[in-house]
Amino acid sequence: MKDSAVLLISCPDRKGLVARVATMLYERGANILHADQHQDHGLGLFFMRVEWALNGHAEGETDADSSPETASFDLEEFRSAFAPLAAELEMRWKLSHSARRPKVALFCSQYLHCMADLLHRWRTGELLCEIPLIISNHKDVANLAEFYGIPFEYVPVTAATRVEVEAHHLELLESHGIELVVLARYMQILSPNFITHFPASIINVHHSFLPAFTGAKPYHAAHARGVKLIGATSHYVTEVLDDGPIIEQDVARISHRDQVEDLVARGRDLERMVLSRAVRWHLDRRILCYGNKTVVFD
Amino acid sequence: MKDSAVLLISCPDRKGLVARVATMLYERGANILHADQHQDHGLGLFFMRVEWALNGHAEGETDADSSPETASFDLEEFRSAFAPLAAELEMRWKLSHSARRPKVALFCSQYLHCMADLLHRWRTGELLCEIPLIISNHKDVANLAEFYGIPFEYVPVTAATRVEVEAHHLELLESHGIELVVLARYMQILSPNFITHFPASIINVHHSFLPAFTGAKPYHAAHARGVKLIGATSHYVTEVLDDGPIIEQDVARISHRDQVEDLVARGRDLERMVLSRAVRWHLDRRILCYGNKTVVFD
Amino acid sequence: MKDSAVLLISCPDRKGLVARVATMLYERGANILHADQHQDHGLGLFFMRVEWALNGHAEGETDADSSPETASFDLEEFRSAFAPLAAELEMRWKLSHSARRPKVALFCSQYLHCMADLLHRWRTGELLCEIPLIISNHKDVANLAEFYGIPFEYVPVTAATRVEVEAHHLELLESHGIELVVLARYMQILSPNFITHFPASIINVHHSFLPAFTGAKPYHAAHARGVKLIGATSHYVTEVLDDGPIIEQDVARISHRDQVEDLVARGRDLERMVLSRAVRWHLDRRILCYGNKTVVFD
Amino acid sequence: MKDSAVLLISCPDRKGLVARVATMLYERGANILHADQHQDHGLGLFFMRVEWALNGHAEGETDADSSPETASFDLEEFRSAFAPLAAELEMRWKLSHSARRPKVALFCSQYLHCMADLLHRWRTGELLCEIPLIISNHKDVANLAEFYGIPFEYVPVTAATRVEVEAHHLELLESHGIELVVLARYMQILSPNFITHFPASIINVHHSFLPAFTGAKPYHAAHARGVKLIGATSHYVTEVLDDGPIIEQDVARISHRDQVEDLVARGRDLERMVLSRAVRWHLDRRILCYGNKTVVFD
């Protein structure tokens, strides 16, 4: 079982950032497992992800290898010590214990391929999170939720009830302590109010290669345009529809032989892939947002 | 050396089309090398490409195998006999002798990667055409044209001279009997008048995954949007900019590490690939246009 | 609901094959939905797949469009009439009613990602078959089988019991009328005797880009070799391990950052994709085997 | 014009490596442009690539931004200061000035697509090197070499002359101060003696997805096996044929329609891509070899 800490940083770029962070960890005997940096030279921004072992030795070493000085890393002491440095360097930062599993709510409508895929990956340990809640405006997901032992809330939506439905959603999410909302082909548009409750914490999958074919029925639009590749995009949700920071995209080749229903079928595989990757990377604390873009440390 | 005929057909779909065309060829002893059909069930259209040997035997057979009945196929007799059937069935059709090499003009501006790629492929026999003319509004291509022994016309363009320049272009193209115009990163917009002279016979490469990022500086736009894949598109030119029938598209994965100049560099490879494929397929008579789409028989 | 017939043909290549088959269908008023041919010029072989509507009109037309002459196609009359032609032309051929769903048995061991994927696709109508039987040498699949309402046979295997286990397998398959066996990461090697009962009717997924990394632990071997792409392969099972006709392959890019466990995780997605495509194409009667290769009509 | 230093390091993994290297650079006021690390936890190895500006300010800044403290970085002082640390930490390391262009020799035989591609990329500034020498056992490349103004040595080879030819090659390479040899479809096998003169400095392209289809005629072998994807591989040459550390691989989808000559044609594009990427990454000092593998920092 991996027991590590992950520190995510974004700040104005300046000299010595890597040296100062790395030295601070070194002084505490941290065993760095992964470190990655990125600079946006145009904007003058610096991004960093560093992950280190909490039990004092690297993955792959057995306990027999551990020597007296590889005592456990004191995460809270580091947090306290790091805060002043972060303030001085104008950092936005997040320090996480990788063993703690974020609480995730899954939303869907009638199409269940992404939902079924996410649940299977979660069951087999590919997605390290808790899933205390599934919400849908359709009942189709009920059996699947039951199979995986996850509470399911059926919340139908009409134009007339949209406001109260969202209020109910927010109550549900708050009461379960939800940290990440995943829209697994949830076909309702969220209000700006809802979105502000989860900044960079709502992941959606759109069934096109954004920014092409925003809005409804993108496979129909792709077929009508005669494109030779179709795509899918996972992104964080912002107030502008289909415009949030892109996390992942993938495409598949099609030909004149493919009708709209073939595009839909092939697209399902793309949607599963790009959505599950985005969720996994988010859970693994690999993603940093800035402006309308993402840095994904792989 | 391949010596074959290619028949391209598009017409309203009805029963018996394959049977009637195939029987007509069979009665004349044609040895079919490739046959492909497609139906657009939505529009009720039928498309066919059939290629057969003109010397009476299939590829791969040696002359020693040829028996008395495998005499040469009389292409002109077939043309005459096919015309009434085509009229009856409301066909648009084109019958070509594959040994005849279409005359192609290449246009470019200052970027030469597509031009150099097309010329190398042509020299090595991958593109079966004649190239009697290269036109550019920059002089950079002169050495390359000379190396390949192709006449080069330097025709600078300004806003004031656009109309007369196009008239000069058309004279040059007509005097050389040009059948296909390839815009190998030619950065000038063609007038509707010019385009009507070459229906479905001008191939352009656009450096984005259309319909995303039409217009100028698509790599800058892709970088600003934060996409995770960039693309390139080859298409026939119509009066609407970047909107003609798409022939081929391809994409490459990028990451946050890639700056605009990296996108430009990776994009060059995509542009070369999608443009050269489109030209090859056109020359091999594999493409049928309908509406704003293409059928590409592979 | 699609109601169509599919005719698959392979035979020595000769002139007039398309004409004779197409004419025979035309004379019976068949409305051809898809037709595809292929010739292997080296081996002198011809392959054809033709699909036509059984209710007399093409997909997409409504009943209101149907005119008196679009009566139902008599499939058994055609079968009788076609047999002498097929004999004369030395055809191997198979005529199927696409509404008839083949009976498929799924085998697995402890890894369930392919199994879960196939079952979800089957439930949502992507795989048109019956699945009356799941067999495993592990009990892990029991819950999944129950969720989908499919009888599950737990048949443990040891070196000592291999022969009797296979006899038991064959009894189970025969009693359920199984026509296709899908090895969804079933980690036992089948005997030649078992394989001869299902010629070109056992589909396996191997977790490498064959012919690289045959045998056990291909992801470990790929990691050790330092490849930059990993792959997966679906193929028909023959007596030689990992050597049968390849149906589909796909790859994913990896880097030096990926450890063996990352390869395993990424590979799961590849395995799902290539196995499910192979099963769908088989069920759609799109695959013809010859020698050690496949023709897949898309 | 980029003026930067690149430091490549590989050493036994231990705590504080990043901190110590980064601090050393920070103390000298280095402005880090890119930094990347990798750890092989299984082997206990650490790899690092760090690139910093030599003129004291980051790319994108104009001279007007430079303040008094952004004086030029003293690369030779750093080299001297770094050497004792490197020795203490058992590092293999290489410090390069990116403005210095390595001297590269290109080898080819009769196929010129890779050669033409590399030369075009070099001319347009994509490959930052000098190319003082082209060697071939065929004369076909002479025109191309002349066009690009590069001295060409025609050195025919026979079984009888192999030893003396290689001695001649080595003389030529030494007299030109060649640091990297690129085999752009050079179809002769190099002797172990030759290879030892250029450790991790001979890049070859093999026209298959290694380790599948080593040796001669891999496209024929791929066609015979019936694979659904073909590939190409660029790698460093070692004494074992087609077995050196892989730098890059790519694949293209094929179908039953593709004959061997189609595979050859499609493969040419793959070969160009994987070879040119490998050469560019080598020239950009992005590659570290260890065991039989590469780390490629992108």
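Order as written gives the chain letters A, B, C and D; numbering starts at 1 within each chain.
By definition in this document, contacts are C-beta pairs under 8 Å (C-beta built on N, C-alpha and C of every residue); 3 or more make two chains touch, one makes a residue touch a chain.
On a predicted model such as this, the values are computed, not experimentally measured, just so you know.
Listed by label, the chains that touch chain A and also chain B are C, D. Seen from the C-alpha centroid of chain C, the farthest chain centroid is that of D. One simple way to say how far apart two chains are is to compare their mean CA positions; for chain A and chain C this gives 36 Å. As a whole-number value, the distance joining the C-alpha centres of chain C and chain D reads 43 Å.
For chain D, residues touching at least two other chains, in rising order: 41-42, 255, 257, 298. Residue ranges of chain A in contact with chain B, taken from their complex: 38, 40-42, 47, 209-213, 225-229, 231, 245-251, 255-257, 259, 291-296, 298.
Those residues of chain B that touch chain D in the complex are listed here as 112-113, 116-117, 120, 124, 126, 143, 147, 255, 257, 265, 269, 273, 298.
Of all the residues in chain D, the ones that touch chain A in their complex are 13, 15-16, 18-20, 22-23, 25-26, 29-37, 39, 41-42, 58-60, 253.
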